[in-house]
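One chain, chain A, links the two complexes that follow: it is found with chain B in the first and with chain C in the second.
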Partner chain A sequence: MKTQSLFSSKEELSFLRPIISVRNLWKRFPGVEALKNVSLDIFSGEIHAILGENGAGKSTLLKILYGIYVPDKGDLFFEDRKVVITSPRDAVKNGLVLVSQVPQLIDSLTVAENLSLSLRQFGYMSNVKKVSKFLSEKEKEYGVRIDPDVEVWKLSYTQKQLVEILRALLLDAKVIAFDEATTLLPQTEKEKLYEFMKTFKDKGGTVLLVTHKIPEAMEVSDRVTVLRKGEVIGTVKTSETTIDQIRYMMFGERLTQLNSYGYGKLSSWEGSETLTVRNLWVKSDYGVYAVRGVSFSVRKGEILGVAGVAGNGQLELIQALAGLRRVERGIIKLRINGSEINVTNKGSTLIRRLGIGYIPDEPVKKGVSLDNTIEENVAVHPKLSKFLISWRNVKSLASNLVREFSIVTPSTSAKAKVLSGGNLMKVLVARELTVSKLALVAYNPTRGLDEVSAHYVRRLIVNKAVNEGMCAVIASEDLDEIMEMSDVIVVMNSGSIVGVFKSGASREEIERVMVS
Partner chain B sequence: MRLIVVKRVKTSNLYYIGIPVLSILIGLVMSLLIFALIGVPPDLFIRGIASGFQSPQTLRYFALLVMLGVALTLSFRASIWNVGAEGQMIWGMIAGGYIALFVAAQSMYVSPGELANYASMPGVEVIDASPYAPVVSILLMDPSLGKLLMILFGMLAGGLWALIPAVLKAYLDIDEVATTLILNYVAYQLFSHIASYTLRGLSVQAKQFFRTDKANSALLFDLIRGTSVTIQDLVMAAVFFVAVILMYGYTTIGLRLKIIGSNPQLLRSVGVDERRYILLAMFLSGMLAGAAGVSIFASPGVGKLEKITNVVSPPTMNLGYIAILVSWLSMLDTRLVPIYAYIVASLFQGSSMLQLEINAISPGLLTGGALTYIPIGSILIVYVVLRILTDYSIRVRIR
Partner chain C sequence: MEDILNMIISPLTGAFGVILAMIPIFVYLYLASLGNSVVEKSGILNLAIDGAYTLGVAVAYVMLVFVGESIRKLVVDPPQGLLIPTLALLITSLLIGLLGVLVAFLTTKLPISHGAIGLSIQFVGYGLASFLAYPVSLKVRTEMISLDTYRTVPEVVLTFLTLSIVIGVLMHLLIFRTKLGAAIRAVGENPAGASALGINVLKIRIVATFLGYVLIGFASSLSLLLHWKNWQEDSGMGYGWISFAISLSSGRHPIVGIITSMIFAILIRYAYVLQDILIVLWGISISPFIVYALPFTAAVFIPVVVTAIPPLRRRFAPPKYLGKIFFSEERSV
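Now for the complex of A and B:
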């Protein structure tokens, strides 16, 4: 196995040599033209961001480069050679490795075993020892530290993503493509990943970064290509452009929605607490207390934001509120029309029946069923269909949601698995906001959504609070999101609430409490 | 050494037709070769198998396999691997048999002198004309009502039997493959015990052969002339088939039974207790298998419960296992069940006829039911291999 070639110093000249060229690429799926005549050059040694709204075709483009999909028409060139890529193996042979949002690792094997396995999968010779040696080398070069002998299930999400990246390095990647691989990472971890990308670039590597977060692209990339509805809108140098220009390229007229929004006034609902939590103790999957004596209450029409560095108990708190995690100690009470109901450990059935919407942490795993249609994913909610399903009603509800949330899909009877990542999330969010009457409990409610859609969802939540008196508990790793929506912000640290802020508090103040 | 199995993603439509069809073709070629090896000429094999497709006897297997195929698909689709249809059928037989023998009718001794009187009364049938202790069966209710009760109780019994592994799975997380399989053998044993002792008949034959009396023939199902299938078999198969399709298409329980197979976490997260749907899937599945059991009991050629002397050939004719093949070939799509039920029924019937023919030509060759299962078994094996090869990529890793 050769690992050295890539890390030899490169002269600046190579910057202008395309390492990957895409020419006149077309890809059609039933009911949708996912890529239309896409042409694009990725230069050697650059960080190239690909931006676009949900369903623009970003993932499709990467999947074609990586041999998961075969294009209908068009040519691919790797280092000026015309290539036909029909499997990830071909792509890897040509020096491209994809890191996706979902780590493709086998939980029961160790890091080294996983890596050596995928090496062999791609036709390299390898053994666990070699891999371990390689890892310690990389640790010096990149400062990423992963114990090769630890089983994957013990790793955090960030660590798993790092293993994916190490795999790319092991496979001798010249180009590493990230498909929204940063979306789920906490801010501080994102920085680490950016650092890595820059180091990789300095060593002569090329990065292809798919994202819909403009600031992210601005921060790390050298050039940006914007896709919209399957077409290349343009490629610009990051240093010569502005956020507004890119935003316009991404969204076009949809942008007016963004500007005209503005939230309504703060809630004017007078009334008692809808949701009360007293001295709540909840364990994590590993059996240790993740939530330690949390108390708060949320009034009618009020939005409570739960801030904190990921992994400080927010997740377990949200799951307990949704009735999906056992409460060890403490109580959760709801007040409906003046009467109080103790819902502690009563299960999700009761809680959901009372009119509480829930946006879970792993949307694909817990919130939708990929093998079922959009309509079925709506009808599955007990509040949205009776024993005899009226498909006419479900269809019209689903079409309304598709329109309202601008979900890109050929039809409401399309299977969820054909949707793009963001559109899949929108199906879930749309369904849950429809059933949220009393309250909404959410974890990262806009993850994976493009800016306009995310803004739409936030505004909808705020409007439901202001106009309908819905209350909400929203945990998010995106502090801006929390600050934008919340009436009250609590900060969690090591399972406890370590700070309470009214809306309008300063960001610095909040951040300080988060990490202290 | 460890085996590492990774599921592949695939979208091909061809696959859903290709795999079953290929399995059948390759499986048949394989069995042709096996038969050739033991000295059966290929033309005999082909003629034997082909005859199954036209045999009037095939219809009976067809009806039973539709019921069972629909039953198993119901649970398989919910990712519950119910291989316990045999046991559920057995309980259908027992419950249906009990109703027929003791509730809807009753057998009793009469004095030899009065036998002729009894025989001429409506609703009375002579079960045993023994000159010493004749037995008659007296109908206690309208026979149509009796048949309905037999079916209902048979279904209930099959469903309840299926609930045992369901509860173990839903609440104690005990794997259902093992439990349903073990419970089949438990059911066979209980069946033998019940037939030999608990419900043992009064007639001389019953005393001799460890069995119940024969049921009143008014309570048996109505044969369609020239075949061995009954009207009730076909009606039940049709009703179950349509009902399950409608349930999937138009009810929330149908939708949830589908979704529990692809993403049980979704159910829980929208506030549906997925464990109750595990119970429901198994209960429904067991009910339909139970109905098939009643069909077997109420077939005019049977009409009794008899001690199982050889577990290899239980009264269920192993159809509870054969139906697994039907469900798999249908790729767990209920709509396709009748098609593959017909094909498998024909192959099963064809193989039985082939067996008879071979026994007739060369009695020494291979006796017993062994040959009957070669084609079905070959197809099953090919199917499993094809599915594994196409669904998973498997790598062996040696430490």
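Now for the complex of A and C:
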């Protein structure tokens, strides 16, 4: 995609013209005021970052702009026209398209079928083949390569996000809003996406960016708006602010939690290996070997980080350790109180009962049940309830967790689906950390959490290792996270371990092994 | 052997007769199951189907008498044959289609389970059927009105057979080749996602159920006009469920439905013959109740087998959102 800045001379001018204005917006959900009197201007041709802690109201704001939620009060203006947006269709007509963290595509439909639903130039009776041909041509133009006739469930996460962006472009979006769309992307893809945003902006487009990574916002945005508990704390120009100022706006006094942080990592646990894996072979969903002969052992109180570019077998390894994916060859052993137990292919219930916590890759799909309450989501764990559920215990445990992890919720009997993305993740992480006595097996344990919560979770994991002798295997696409927590780092590439590093190894060296 | 063959053929004349007797049953079961499939593809659990079917039979009967009388009043030399039953057929299809619109509206807009809505409409359908058709049936008997149904002759039967297959193929193309089909499948799989893509969920569901119920109305009328030729209390009851079962065991696939409908048509028409064959050949006697249950057993059995085969499982899996209540302001991401 080669482009020239189209409006360098008009830049100053267009910067003053708001493309979207939000005035005195209110949105209330049962038990919570998600947006309180929010007013905001988004200028044409800027990248505008929206930051805020978990549950601040960022997604709610974007969903209102996109017509998924209807505000209780307040006005929206697109290019100075007052508009009423009650469906995504209205938003698209006004030039706004939302790309969210969970791609809003229909898994069982092909790419062409999905996009046909958005493209108004194709009538309802038109043949999908025509759409597919049209897409192939457009893809060439934009330099995207995805087979339009492939069903969406077969695509990787990155490819799905690409389809969403392609959709935005095909709809001639003037404003593309990203709701944590970058969070789960591997670093290289993230950079491509930033590049795309800048090109889009140079062509006169506007970007709204919701993210938890302050450095990311600093790098790509022109202005930053901070939301807190549903209110606008302020809007600042990125070039005139600092990370610390933004942090303070986001977290206020909660920031002290961040400062008091730092773990005296002096594990005093000796000797015995809690988890041993020998020559493990595991297949992926497509029936090919994703894990090829992996061996390692983790001692009591030790944290093993699994680094690697996404899709090199980390996910399958983690799932196999949790008993959720068949081990084709090899062995997984646990040592509990001096005796060894072979848990290979013994099923996840046994593994969880033995005291192993598990944080899966897609928390919303695989980790919590959206239609159940927070309490029920806690009670369902095999380690916490066996045959009869003691609701009194569950209730008090749940409210403890809500307090400890500062989960924003009306009550512990609220259904999980009313929580914000980050708070939902916190429910899962809190439950799993409570049950992991022996070990924790995790994939991206802090995804979607705001900075303070992410630090809290990392510290908790490290503390449980140091103080209680829990061991952990943690795979993450965020190399910083792994380097921060791990005693030993293994790098996976094409299903095998291609490098082993002690904590304190240099970042460059690890990255080199990741991509070689 | 001779005996058995004779036994099978005796009620009719020759092999062609065997098939001819089965075709009307195939046609209406197939069309009703097609209707059910397109309704359920859009995510609506179609528990109202048996009520709609029973009502359709009754409405077709009432229309047949009403249209017949009106035409005889208007025209001195009333036309014989196709006109009157065809008018009754079309009017009934349209009316049942409108009932479908109501089903789509209630299941999509009310926070009430599809089961509750479907079953209520089913019982309303049963009640309304008797309410409408019973007085007419008395009148028909006392005034000795002759009913202008279709004649079960090869020309007519084969025309409807061809028509049903053409409709089936068109339905297949509609569902799998057009944007409308993609939209129908989308709202059945993931209505929130479909809505985010720019689809009006209610609108698409109304289109899908209207189409589906028109087919169910068409099928139920045909069962009266081409097969039973008369109405009595409870006519049509149970046939909605059989079509429901056919649709289910064909994975709601229009082309596969041809085969399953055929199997069910054979079972329904010849189950009793099968009973006799078993006795004559092996001396096994099975209860008529078991025979009656055969189609339903098949309805459970076939999908179990189909979904046990991994490559078929995804293709024939029910729509993910089938029967779930859709709240548009609910979290989906």
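Rule of thumb we're sticking to: the second predicted complex is superposed on the first by the 475 of 516 C-alpha atoms of A that agree within 3 Å, B and C clash if a C-alpha of one lies under 4 Å from a C-alpha of the other, contacts with A are read in each partner's own complex, and residues count from 1 in each chain.
Rule of thumb we're sticking to: contacts are C-beta pairs under 8 Å (C-beta built on N, C-alpha and C of every residue); 3 or more make two chains touch, one makes a residue touch a chain.
Given the structure is predicted, the values throughout are model-derived calculations rather than measurements.
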Touching partner for A:Ile389 - first (chain B), second (chain C), both, neither: first
First, second, both or neither for A:Val70, with chain B first and chain C second: second
Partner chain in contact with A:Val288 - chain B first, chain C second, else both or neither: neither
Touched partner set for A:Leu105, first chain B, second chain C, both or neither: second
Partner chain(s) touched by A:Ser126 [first = chain B, second = chain C, both, neither]: second
Which of chain B and chain C A:Arg89 touches, first, second, both or neither: second
Chain B versus chain C as contact partner of A:Asp179, first or second or both or neither: second
First, second, both or neither for A:Leu117, with chain B first and chain C second: both
Overlapping contact positions on chain A, where the chain C interface meets the chain B interface: 106, 109, 113, 117, 120, 370
Touching residues (chain side chain C, partner chain A) in the complex: 177-183, 185-186, 189-190, 192-200, 314, 320, 328-333
Partner chain A, residues of chain B touching it in the complex: 4, 6, 250-253, 255-256, 258-259, 262-263, 265-273, 395, 397
Complex contact set, residues of chain A against chain C: 59, 66, 68-70, 87-89, 92, 98, 100-102, 104-109, 113-114, 116-118, 120, 122-129, 131, 167, 179, 370, 417-419, 421
In the complex, chain A residues that touch chain B: 106, 109, 113, 117, 120-121, 322-324, 347-353, 358, 360, 365-372, 376, 379-382, 385-389, 391
